[in-house]
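What follows is a pair of complexes built around chain A, which joins chain B in one and chain C in the other.
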Partner chain A sequence: MGHALKWWQTIKISWSNHTAYRMNFFLQVIGPALVFFFVKYNLWSSIYSDESVEIIKGYTLSQMIDYHVWAMIVGLLAKGHSALNLSEDIRLGRISNFLIYPFNFWEFHTASFLSFQILQTIIVSISICIFWSLGILSIPSASILMSGFLYCLFVSCFWYTLQYLTGLVGFWLEETWILRVILEILTAFLSGAIIPLELYPKWFVSILEWTPFPYLTYFPIKTFMGQNSELIASYSVVTIWIIIFCFINHIIWKRGIKLYTGAGM
Partner chain B sequence: MKKTVIYSQKLEKKFTSYKKEPGLLGSLKSLFVRNYITKKAVKDFNLDIKQGEIIGLLGPNGAGKTTLMKMFTGIVVPSEGTLKILGYTPSERDRLFRKKIALVMGQKSQLWWDIPAMDSFLLLQRFYEIEESQFQKRIKTMSELLDVDDLLHIHVRKLSLGERMKMELMASLIHSPEIIFLDEPTIGLDLISQENIRNFIKEYHQKNKCTIIVTSHYMADVQALCERLVLIFDGEKTFDGPLSKFETILGKEKNVTFNFSSPQDPTLDLWSSFEAQWDSHKIQVDLRIPEDKLRSVALNIIKDFPVTEFNTEKMPIERVMKTLMKNPQIVKQLNGNNGPHELNGRN
Partner chain C sequence: MKNLKQTIFYYLKVYEKFVSTSISVGVSFRTSFTLLLLMDLFFYFSTLLSVNFIYDHIQMIGPWDKNHLLFFISFMLGIDHLHMTLVSESFWELSHSIRTGDLDFALIKPANSVFSVFFRYFRPSTIINIFVVWTFIIYYGIQVKLEPLSWVLLPFLMFLGFFLFVVIEFNIAASMFWLKEGLGINFLRMQLQQLARWPNFIYASIARKFLTVCLPILLVGSGPIHFLYDYGKWPLILSMVAASIVFLFILKFVWRSALRHYNSASS
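And then the complex of A and B:
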C-alpha cells in the first residue's frame, strides 16, 4: 500500500511538471507531429492525383491518409516519450537525489513516464475526435479503437525501455543525442511510420519482422485499422522485447552506477 | 560508550578522466587516442564517528570533502577500503539505509522547481512512508522554527536563495534521519540567513540527538556548530580532533590587535618580539602574544601608548585555516614533527 502511494504521488508530481509549461509542452509534442502529417498528406494527395493511380499496394488514397493519421496517433501514443533528460541528468549529476531517496531512480522515471502516457492518452483522444469531425479519419468500431489504444500503450512500455537504455548510455558517453537521432531515423523508416511496410520488398519485410521495429508503428496502425489478425503474436513479440530490454537496462545500470561521479555537486 | 555510526578503514576513491585538447581537432583526436589520468580523490581515509556528534569536514576546494560525502551517502562507489554507515554499506543502497540518512546540498536543489515546496514535501512523505500526523507535526514545528509557514505553497522557483535553503533543510529532515550530511548549507546566503540556518541546525541537533557531518568554507559555521573537526588535504586526512585543539595547532599564542590615536614607531624592540604586523598608517598593529604573557604585555602597551581600542581574535580557527591553506606543507611538517598521533587528536 505504502509503495502504491509512492507511485501515485510521483505520478501526480510529474503531471504538474509536465503541465507547468503548457504552451511549450503543446508545441513540443503536437507541433512536429502535425507538420509531419501535413507534409505526408500533401505528398500522397499529389501522388494519387495522377489519374492512372488509384490503388498503391492495396491502399486507396483515403486508406493511405487513414494510415498516416493513425501513424501520427501511434507516434504520439506509443512513441511520444523521450528520455532526453535522462542522460543529461546523469552527466550533470542530477540523479544524485534519487540515489538517496528510498524510491529507486527507475521507479521515479517510470512513474513519470506513466503520467506522461496519461496525458498523451487525453491528447490523442481529443486529436482523434478532431480528425474524425473534420472527416479525415474513418473511425472503426469502439472495440477496435479500444484494442488499438491498449496495444499502443503496451508498445509505449517497450519504447520506454528502449529510450531508457539510450539514456543510460550517458554513464559512458558525454553526448547521447546522436544515438537518439539515429534511433529515431531508423525507427521512422523501419517501423512503417514514413511509408507502409507493404511498399518495401517482401524479403526485407520478412527480415524486419524479426526486429522490434514493425511493432512500434506498423502493427499498432493495423490494429487501429482493424487489420491486425495476429494480435496475440504481436503482444507476445513485444513482451519478449520488453523483457530483453529490461534485463539489459538492469545490467547497464549496475555497471554504469559504478562510474557515476555525481558531477557538479 | 556511544555506538559508532560512521566507520571507514583505508577508504579510497579514484576517478579516471582523459585529457582533451581544445577545439574540433582535439575532439577528433580524443576519439582515437586518449591519455587517461587517474586521480585519487580520497586516499587511505580512516574515520570513526560516534552517534550524536557534529563533525566539521574542512579542506580547500577539490580536497575530497564532497567525494567523501558522496561515498557516505551511497552516491558514488568507493574504489577501495571499508565503509560502514549505521552498519550498512552505502553503495548497496539498501532502502532502510536510505531512510536513515539525509543529504543537504547548498549548491544543488532537491526540491522540484515548478511546484510549491509543500508538494515536494508530500512526495517525500510518501517516499519515506511518514505517518500523516507525524508529517503534519514535523512540518509545523520546522516551518515555525524557520519562519516559513507562509511560503510553503509558493512555487520554489519564486523563492529567494535563503528561503529556498530553509525549504531544502525541511525537505531533508522531514523523515527524521539519524545521520545528516550538510554540504555547504550556508553557501551564498546573507549573514542573517546564515545565522538562522546555523541556529536551526544547532537547535535541531539538540532536540533530535542525530549525527551531523557538515562541510563549509565559512568558519563561523564550523565555530558555531562543530565540536570536532576533520581536516582533509589532497584526499588525505590531516587532522582529526576537537575544535579547541585545532585552534592551537600553530602555537598557543593569542592574536591581539591594538589601535592607536596617532602613528607609532614600528621599529621598537617591543614589537619585533611579538611578530608585529602594521597597517600602512602605523596606527594599527596585530601581535602574537604567548598566552602566559598576555595580561602583562597588554597592560604595558595600554599604559605606554595611546591605545584607542584593542581586541583579541574572535575566530582563531579562521587564521589557522587560512595559514594551512596557503601553505599546505605546514600540515605535513606538523604531522612530521609531532607524528600523526599528536596532531590527530583521535587516532
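And then the complex of A and C:
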C-alpha cells in the first residue's frame, strides 16, 4: 500500500511538472503533431486536386486524410516524451538521489511516463472530438475506438522502453538527444507516419515486416480505422520487442551504473 | 568606408574564434560528432525517398513533376544544411542561457549582441555533409535542365533564402525572453522549417497568403526555385529582399525590447 502511494504521489508531481509551463508543453508536444498534420493535409489535398487522381493504392482523399488524422492521434498517444530528461539525470549526477531513495530510478521515470500518458489520453480524446465535429475525421464504432486506444497505450510502453534505452546511453555519451532524433527520423519514415506503407515498394515493406517499425504507427492507425485483422499478432510482436528492450535496458543499467561517477557530489 | 571595412574585419576575426572553439569542442566528443553526421544523412535520405515513393503512384504535384519537386527539396536541404552548421545550436543554447543567466557572458562581449548570441556556436560535424547535399542539388539540377545563369545564381539565392529564414527566426527566438521556459519556441521554429520545406502551391489559399505575406517562410524556398524555373517570376526575389529588410528592421526593435526584459538569473 505504501509503495502504491509513492507511485501515486510521483504521478501527481510529474503531472504538475508537465502542466506547469502550458505554452511550452503545447509548443513542444501538441504543436509539432498539428503542424505535421497540416502539412500532410495540404499536400494530399493538392495531390488529389488533380482530376486524374481519384484513388492511390486504395486510398481516396477522405481515407487518406483519415489515415493522417489517425497518424497524428497515434503520434500523440503512443510516442511518449517522458524519458527526455533521463540522460540529463545521469550526466548531472542527479541519479545519486535515486540510489538512496526508497523509490528507484526506473520507478520514478515509469511513474512520470504514466502521468504523461494520462495527460495525452485526455488531449487525444479532445482532439478526436474536435476533428470529428469539424467533419475531418469519421469516427469508428466504440469498440474499434477502444481497441485503438488500448493498442496505442500498449505501443507507448514499447516507445518508452526505446526512449529509456537512449537515455541510459548517457552513461557513455555526453549528448543523447542525437540518438533520440535519429530514432524519431527513422521511425517517422519506416513506421508509415509520413506516408502509408502501401505506397512503399513491396520489397521494402517485406523487409520492414521483420522490424518493429510498422507496429509503432501503421498498425495502430489501421486498428483505429478498423482494418487491422492481425491485432493479436500485433500485440504479440510488440510484447516480444518490449521484453527484448527491457532486457537490454536492464543489462545497460547494470553496466552503466558501474561507470557512474556521481558528478557534482 | 574605412570604418566599415574595419568592422567587417573585426567581426570576421571574432567569428574565426567562435568557429575554432566550436571545432575544438565538436571533435572532443567523437561519437556525438559521428552521430550528428549520421542524423543529417538519415534526414536527407528519408525526405528524398518519401517524395520518391509518392511519385511512384502519381505524375504531378501541382505544376511540378518528380524532378522539379526533388530539386526543390534538395535546395531546401541545402538551406537546412547551412542552418544546422551556422546557427541551429545557438538557438538551443539561447533558451538555456536565458533561464540560467549565462546569457550575461554573451552580452558583455564587445560585439553586437545578436551576432554573439546567434553565431556563437558552429557545428563542425555537419559541414562534412556539404558534399552529400550538393550532390543532390547538382544531380536534380541537371535533371530539370537548369540554365547556366541559374547555376550561377543558385548559391546566391540559397544564401538569400537562408538569410530571410534566420532573420524571421531571430524575431521568433526573441520571444524566449518573455517566457519562463523558452524551449517550446525552438519547437515552434522547427515547425516553421517544416512548413517551408514544401512548395507554396500545396497550401490552401488563406494559409498560402498568410505564410507568404505576413510570415513569409514560404518565400524561403519557393521564391528562388520558381524564379530559377521561370525568370519572369523575379518579383518573388524582390519580395524576399523586401521581407528580409522588413524583418531585420523589426528585429532591431524586438531585440532591444527583449534585452530590456532580460533579468539575468545568475546575478
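Note that in this section the second predicted complex is superposed on the first by the 263 of 265 C-alpha atoms of A that agree within 3 Å, B and C clash if a C-alpha of one lies under 4 Å from a C-alpha of the other, contacts with A are read in each partner's own complex, and residues count from 1 in each chain.
Operating definition for what follows: a residue touches a chain if its C-beta (ideal position, glycine included) is under 8 Å from a C-beta of that chain, and two chains touch if they have at least 3 such contacts.
Keep in mind that what you see is a predicted model, and the values were worked out from it rather than measured.
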Next on the checklist: For A:L150, using the defined touch cut-off, is the partner it touches chain B, chain C, both, or neither? Pick first, second, both or neither.
Outcome noted: neither
Item to check | Partner with the higher number of touched chain A residues, chain C or chain B | outcome: C
Next on the checklist: Per the contact definition in the header, classify A:L5: touching chain B only (first), chain C only (second), both, or neither.
Outcome noted: first
Next on the checklist: Tell me the contact category for A:I122 with respect to chain B and chain C: first, second, both or neither.
Outcome noted: neither
Checklist entry - Which partner does A:I243 reach: the first (chain B), the second (chain C), both, or neither? => result neither
Item to check | Which of chain B and chain C A:L43 touches, first, second, both or neither | outcome: second
Checklist outcome for this item: Overlap of the chain B and chain C interfaces on chain A comprises residues 21
Checklist entry - In the complex of these two chains, what residues of chain C are touching chain A? => result 29, 31-32, 35-36, 38-39, 42-43, 46, 49-50, 53-54, 56-62, 179-185, 187-188, 190-191, 194-195, 198, 201-204, 207
Item to check | Of chain B, residues touching chain A in the complex | outcome: 15, 66, 70, 73-77, 93, 95-96, 98-99, 101-103, 105, 107-108, 110, 112, 114-115, 119-120, 122-129, 183
Item to check | Residues on chain A engaged by chain B in the complex (per definition of touch) | outcome: 2, 5-6, 8-10, 13, 16-17, 20-21, 93, 96-97, 99-103, 257-258, 260-262, 264-265
Checklist outcome for this item: Within their complex, chain A touches chain C through residues 21, 23-28, 31-32, 35-36, 38-39, 42-43, 45-47, 50, 52-53, 56-57, 172-175, 178-179, 181-182, 185-186, 188-189, 194-195, 199-201
